[in-house]
């Protein structure tokens, strides 16, 4: 966007927010409508599509066997990857992951990893040699802002939907058998992102707000209302007061969403 | 080439073809002169150089041991790679393979693979663990049009010239012994490419024809006169009638070449 | 630098050299001041920082286990890598190694390898299967000319400072034990680089001289005063007489440095 | 896990998924499914699930890629990592590079490229789930996405494969037939112009079988073409209703 | 080799390296350490050894990356292969790409980017040895390097982490505490402006613990800020002496 | 398979391939072998089989690589995957990158780069079979290719190695001597100008041996130089005949 358009838009958005309103009619503490659909990709071990307003994210999971990390020989491995596929936005380009998709993948990864959502100790086949590797592939299909929350939701929804293959170890070789069990999950973290515009914190910023906002802060919240991952982004700052305020809003919103989703 | 030059050239070529003639004096169904030389690269397991008019392609084969694909544990592996090396044409640039060299490699690959030219079941050393991998490296040395047919010919000629190492399995390790046997081949497919210019099909288009032609179609034909691979290329189309006509010409030309080459 | 500035600078440098002098006050056969500091990077198996005037190079070594090369199954592996990190000069750019850093790494590598500085036969754990791999990472921190000599010095100084882990082989698996031995070294090669400006050979060219010099020649000299690696660089040439003169100077300077360093 | 079935077609002429030789898999086509693209379409063809989007005609970036006398078409066919049995690395494979090229070349004949000099369009195809015949389903969807973008076309391009399974020539092979069958002939057609814009073949066919396969694939294309037009009509009816409701 | 210690904090409240909960590791800051950079700084923070350099403001290469209304900031956080226990490949890892981004975003608020349209600055950070908390130490050093380059700033940025180890909230975690502890909260602050420019968190904290950690990290930042100013003063005193001596 | 021979030179002073110490391998030089290149040459030097081609002087792409006061020379030395015992990946290795640089720098002194400002030439070298000494053979061929392109030169560049095998200094080492010998000294020479444009060395030599090797390599270069001129003459004679026949 040209900087003139940006300035005009910023003015307009600021004035609305001063009155507690937003361009798309929401209140400053409101999420857009959320729709979750699970299991669309039959060939994946798990999948979920999340619509957050017009933002659309598809997550598929695959489970394969592989080596554990040397420092956690008894634990399965989580690998999160995000693709900002170019059909999702004119601003996305084909090619290897850029800093935005890498950051997105790592935020989603941390939300799951730090909340210990996956019982990785149950994914060990042979200690030090063979474990299950859970691939979580985040596929952004339409970008209308707040990819972080949509992706984090879709990732957890896909994990909830993920089936783990049965197996036997025969002569040191892993044989996959028919049938599945469910992937053992211990937590369902919910990530809440706030944008800062003209000193105000708004929940779930959409594309037009993202283009003018100062900075954002994302917090992953678990069932106990504890915080398990944070990421500040953008080239602005937060005052310490705003951070504590953001924390309170995030905990409240996460609880609200958890209730709505039955998580 | 500038579009003006292209248009003038196209006009000229079209007028000639209307009279059944071509810029280089050939009839529309004629191949350029073909020369095949085998065994130039002593360090390769097999090699052949094909001259198709001024188009020059060198193919070298290497045989190494490696793992089979999981779904064909008893079969050797074929790997075809093509390099449009920059000394062959001012239009080729150094760098990783582009779509043209990848397409060329995959067409050559399919001609060999789908005709089951290599008896891959005889390349198995230890089922599921160790097989022979046949590398076919297509090296285009001068580009004067119809790289597909020249490369496909050179690949088969190089395979005919390929020697396979003798080996023993000792304590699960493959020991290469002295001496060689010939690579077991079951078929010698011949690929025939036709260009379409102003609705006419011409055999073996050379560079100037390629620059103005609508589209091309390549068909790999085996000893029985059956079709074992096809690739349409270029941004034009064929009518269904033209496709059947192309099929007839390809079968006829392949038989003709087969006779000439003693294949 | 613009070519005008280069020409003026060249003139000035040439006139000085004609009188046996240099821009920075040195004689044409003098090295800049050399400072070597070892062991700064405690997490590395060995490390050394060399200051050659304002040129600053840090080398760290790491030792890991890995497979030997098939043709030397009883020998450890040496791997040298050089990074011209962009904070060292406005002319260095982030990204994969370019031809300059690759050439630098290979010159340093050859000096060590060809002088047989490392007793690689003592780095074998299990012949053909498991050996120690010595990684020598050259990190250029400030570029003020003659990176070759500074890097070669720092690499040998770091190797002298390198500790090798103790280990046991248990059931075919290598167990690293506590404690260290010193890396077995057999030689301490010293590399001497000469620049050619207007037909004169100067020792240890610094940045401003490099920018105007014709070409350079680097020679690695061992304890016996024998030559163990040479690299001519730059787009100029040497007469055969200049090469023999360069050889004599290099041997003399290497002996001088060896004395000074106690090597 | 994958036991190879002895026969792909039973005595009654039924295929493993119950279809007859000349029967297409169920198709679902939707137009205008992505908010940010200039045109888009979604196809479910058997278990294939594919999104196609078009951006443009627009200025090329970088500019030196544009051509003074025509529009440049770029196309990326890409598979999601979770679209197949074994996770696929997101980096483009050689197969994806080739398919991107042949799909582009199958759509180019439908476009008036000379009408938009110095511009470009980008076609992005994402295979969300693959079940055999993805290149054909991709072309079918991409042509709809181009129409959805309002870019003038000579005709829609519809694509369908035929092939040989056991001893029988059949239409529209699914994954297992593709892998265990004898031959596969993907084909794209502009039905109104009688123009074949994609033709490939893997496997071995006699000249007669090939002719039969081509005809069967063209019949398949024509059926799909009818569904494409229906999908476009549905989209415009929906828009019309929306407009009238306002 | 790495036996996991049973407790990270002993009965007396001492950490494995002997520090109290609110005690920083020893810091050493040097400004103007690299001859070719426009500004540079070196930090030893515990066993972390990090160099930061700034080039610019200068013309962007390639030019099309420049912006008409502001300065562009590029940042590369990079680890030397020998900086960690297992040799790190010099190719940038995903972690390094993310940290480059968050470090850049932590320094941007301190710069008057609109004063230098069409230009760019490059921040290069090289971690020579890593021991936990490299991102914070990198920010601390990079901000000094920017000051050393004479680029006007709103305030210096100081960075420090806090976290939870066993049951205790502590400041400035070192490597082992980072790996075996419960949570880590790196934070960057412009103390004079009361502006937090970096905030991340790994691990699990209650809201109260989080608040405590934020406060502790800010206290750490303020101590480091004082050392940053001291380091700048030393540099200018040294220059002054040099000038006067001449 | 490769049994290491005990001695590389027998009692009679004969090398493994039957040559005397100062004897070159058989050479075959052909000029103008590629139709599309502006200049080209083919060399068989022992079992080395190498093609060299030149394009230019021509406009640089991209343009910003051109220089206002001189011609830019680019050079790519590349080995065919089948040129060596174990298949070589076609991606450029570090060795190939280094050799591309030193070959370029060995040819640059022969060119009047200042006569062609803002242009560039591209040298492409393809090693079809390698048998020791490919860099020298590449330089010999590339210099002929430049002459074939009609680009003015100060002198032809001829290249040849010498080295030490067992206890003897020998000229023009082949693969096995290169691998098992004591030292290798590749050298390139413009004989008329007495200018050494390439000099490298691997292995250990006393100063005296080095001097001997340099002299022997220069003698080799001079013999090759004569063959280069012969090859150029043959080419022009052939053209003359062709023209006269017409």
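Going by the order they are written in, the chains are A, B, C, D, E and F; count residues from 1 in each one.
One rule holds in what follows: a residue touches a chain if its C-beta (ideal position, glycine included) is under 8 Å from a C-beta of that chain, and two chains touch if they have at least 3 such contacts.
Treat the numbers as computed from the prediction; the structure is a model and nothing was measured.
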Chain labels contacting chain D and also chain E: A
Starting at chain C, fewest touch steps before arriving at chain D: 3
Partner chains shared by chain B and chain E (touch criterion as defined above): none
Chain located farthest away, centre of chain B as origin (C-alpha): E
Reference chain A; chain at largest CA-centroid distance: F
Identified repeat of the B-D interface (over half of residue pairs identical), from A-E, A-D or C-E: A-E
Euclidean distance of C-alpha centroids - chain D vs chain F, Å: 52
Distance between the centres, which are taken as Cα means, of chain F and chain A, whole angstrom: 58
Separation of chain B from chain F, taking each centre as the mean of its C-alpha atoms, in whole Å: 32
Distance between chain centroids, defined by C-alpha means - chain B, chain C (Å): 48
Chain D residues counted as touching two or more neighbouring chains: none
Overlap residues in chain B, where contacts from two or more other chains coincide: 97
Sequence of chains encountered when the ring is traversed from chain A in the direction of chain D: A, D, B, F, C, E
Footprint of chain F on chain B - complex, ascending: 40-44, 47, 54, 56, 58, 60-62, 64, 81, 83, 85-90, 94, 96-97, 135, 137, 139, 141-144, 176, 178
Touch list for chain A against partner chain E, complex: 3, 71, 97, 99, 102-103, 105-106, 110, 114-116, 215, 217, 219, 222, 224-240, 243-244, 247-248, 251
Contacting residues of chain F [partner chain C, same complex]: 2, 68-69, 94-95, 97-98, 100-102, 104-105, 108-109, 185, 190, 193-207, 210-211, 214-215, 218
Chain D residues touching chain A - in the complex, by the definition given at the top: 1, 34-37, 40, 47, 49, 51-53, 55, 76, 78, 80-87, 90-91, 122, 124-126, 128-131
